[in-house]
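Two complexes come next, and they have one chain in common, subunit A, joined by subunit B in the first and subunit C in the second.
The block that comes next holds the complex of A and B.
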């Protein structure tokens, strides 16, 4: 029972981190109509940058400030050099982002090395929760993800830029006619997507292994959250990420974790076949 | 010199090179290149299966590794666990892959565009995880090795793939048969229907074509091709492993097909050769050469979305136009 509780809690924490990353994937898909195979690697770059910041400055908390800014800049650069030129070849965007994934992974392998590193959590304490001793850092990770997700929704619904993003997604031509700089909104959306994934990487760095293939493992999970929650349904994405990770955690405590993964993938195929707008579609439209 | 003759000459050159490679290649380079060329031929089939779907029907599959893996496991399980002979194992692998493609295709081709790409990846991931965890049958991470049964055995006379020449020509024969089959399909009415669906599926359905069945048949044929590739690769490496079912293998096949040029029969061979030769040559010099591969992929998508095949076609057309009636040694 204790194991189940611990794994369920871990699941919720991971679900919130995944939700943060998957939101980035979802806005990039919704606005730019691009399946971003490199999104897991944006997360991986975030963990590696967090590791570098902690190693060089000795202060892990600085990474929360620095890494999203680097992520935003990298995202803007990639949008400008890679995504913008392939706008006309939408079918091949998957191939281009696959190339991008290769470049990011190899660059990290070349600079950071191929050996996985572990980072010590900056908070070592544990507190009693539901009858078990639970790591405080994981609670912090959950709170940080919730705060970031909340800020993002606030930005999307309460700021001018956020409103522009929604307008361009709704109807790019009318939005452009109304004087919204759609071109710059695309750039910003991609950059925000990268920044969110890299922030997810910072949050997750102390509770996962830092290595160049970390993105490959996390990408399918992000896609599951986006598809099951409904493409473009951002609230659904968050809910799906947390629920999936929670159930995978619970199932993992009884049996082989791969079976939990297979179960989620089967659920995802079902959703794609039967309700391609996600299981929460009825609730929001 | 017409476009057709130039292309015929190119094809002839490729065939002659392939048939004489075991003797010609060692004259110029190390003889292990013959092995690499067999590997290229096998992998080019996987790229060709991507090309058949994307280049001719317009469906981008990111899950061809599933059928490749099924072909591999069919051979390995058939020979190591079920006690099949050479042809039994080979047939089992191909049948398994084709059956898998038929089942997955019934569901997958209901979707198009991005959704199709996603569902094909998801299917391949499901079976990748199954293969990883079902250790007694598949060997999981370690893979499933098997001993090579003889190809033909009449009395004392025995042909096995342990003889490098037999192995090479067996692979050439099978790969050649697959390309012949694809060439035949592409120039048949079914092939025309493929292209019609790619260009405009609404119009195709309005002139009475059954778009669903056309996409499904393309999906099954491409699963069959990928299955043959997997079965051949299992025989070539004498083992099967779940690693070949991961989506990175599918992604690589897509890259080979795109760089070689989709929508051309031999584009996949060109793309696969280029990238595998690049890998063999560069990986000693620069361990991080995949960065270069990634850059080439992105540049191809931006500047030459039709790949090398597309560049070749436009060059040939220009050459044939400029030299109408004249001879040339293209």
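The block that comes next holds the complex of A and C.
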């Protein structure tokens, strides 16, 4: 029972981190029609950069500030050099971002090395919760993810730039005719997507393994959250990520993690058969 | 105010505009008419830079705009009401209205717009796709007006609007014209076009084939029949 509670809580924490990452994936898909195979690696780059900042400065908290900024800049650079040239051939996006994924992974392997690293959480304390001793850092990770997700929604619905992103998503041509610089909005969206994934990496680094293939593990989970939540339904993505991770956490406490993943895949297939546009289809756009 | 010279445009390899030459003077209202698929919308989109011209020039208020970044063209004073209205469905009425602005508009502008379109004012917080077709058309026009344009280009503003509301839309456009804003209007509804505009261009297969004043054309049954296939 205690294991189940711990893994269920871990699941929720992970779900929130995944939600943050998957939101980036979802806005990139929604605005640019890009299926971003490299998105998991954006997360991985975030974990590695976080590790690097902690190693060099000795202050983990700095990573929360620095890494998303680096992620944003990298995202802008990649959009400009890789995504823009294939803008009118969305089918190429899978090939192009797959190539990008390999470049990112191999660059990290070449510089950081191939050995998985574990880093200590900046908060070591535990507190009693539901009859178990739970790590405070994980609670912080959950809170940080919720805050970031909340800020993102606030930005999307309350700022001019966010409104422009939503307008471009509906109709880039009319948006342009209203004076919206659609080209620049695409660049910003991709950069924000990278920044969110890398922030997810910073939050997750102390509770996961930092290594060059970490993105490969996380990518399918992000896609499942986006699909189950309903393509383009951002609120649905968040809910699906948390539910899925909770579900996998609970199953893992009884059996192998592999079975948990199989369970998730079955759940996704079931959702796609019954509600092809996702569980939360039609709830919001 | 607006001058198109030998404008050409392609969709891929298809040559749609084959040398369109026309002009609209300051304060003038001009209609562009023609059968379905002759290139009216493409002409307007080329002016707005949405379909980049492959030849010729577009001069607006003394500036060559065919080489401008498309999103800068509205800022030069050219408002556009696209065919099908182009309202952003998931955005609120207010967000739609102010989409083209980076700061809040001066109060005399909002007062003017809300005076003209009181129904929009009541529905500011509502999702735009909950508006009726006529209200969406009002929103599309109001969205241009808050940007204080020198000229407005309208693509079939009465298309798909209930007949009783067509009159209302026509009144709105006439009111805009009275404020001295130039108008370029594409219409299927000949009556609307002849009422609102003083001069008319007829288009066929990507070129202008006829130019006349509205009053001349009204009585020229043969031309109307030949190029538009209608009898008024």
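Assume the second predicted complex is superposed on the first by the 276 of 285 C-alpha atoms of A that agree within 3 Å, B and C clash if a C-alpha of one lies under 4 Å from a C-alpha of the other, contacts with A are read in each partner's own complex, and residues count from 1 in each chain.
Going forward, a contact is a pair of C-beta atoms (placed from the backbone, for glycine too) under 8 Å apart; a residue touches a chain by one contact, two chains touch by 3 or more.
Only a predicted model underlies this, so the values are computations on that prediction, with no experimental measurement involved.
Applying the stated contact rule after C-alpha superposition, one finds that A:259 touches subunit B and leaves subunit C untouched. Look at A:50: by the touch rule set out above, it reaches neither subunit B nor subunit C. Judged by the touch definition given at the top, the superposed model places A:234 against neither subunit B nor subunit C. By the document's definition of touching, neither partner reaches A:18: not subunit B, not subunit C. When the two structures are aligned on the shared chain, A:164 is found in touch with subunit C, with no touch to subunit B.
Legend: residue contacts after superposition of the two complexes on their common chain; A:225 is shown touching neither subunit B nor subunit C.
Of the two partner chains, neither subunit B nor subunit C is touched by A:203.
The partner that reaches more residues of subunit A, of the two candidates subunit B and subunit C, is B.
The intersection of subunit A residues touching subunit B with those touching subunit C, taken from the two complexes, is empty.
Residues 160, 163-164, 166-167, 170-171, 173-183, 285 of subunit A touch subunit C in their complex. The touching residues of subunit A, counted against subunit B in their complex, run 29, 33, 35, 37, 82, 85-86, 89, 91-96, 98-103, 105-107, 109-110, 216, 220, 223, 227, 256, 258-259, 261-262, 265-266, 268-269, 272-273, 276. Against subunit A, in their complex, subunit B makes its touches with residues 54, 58, 60, 62, 107, 110-111, 113-115, 117-119, 121-123, 125-126, 129-130, 132-133, 248, 251, 254-255, 258, 287-288, 290-291, 293-298, 301-302, 305.
Listing the residues of subunit C that touch subunit A in their complex gives 45, 48-50, 69-75, 80, 82, 86, 88-91, 95, 99-100, 102, 143, 147.
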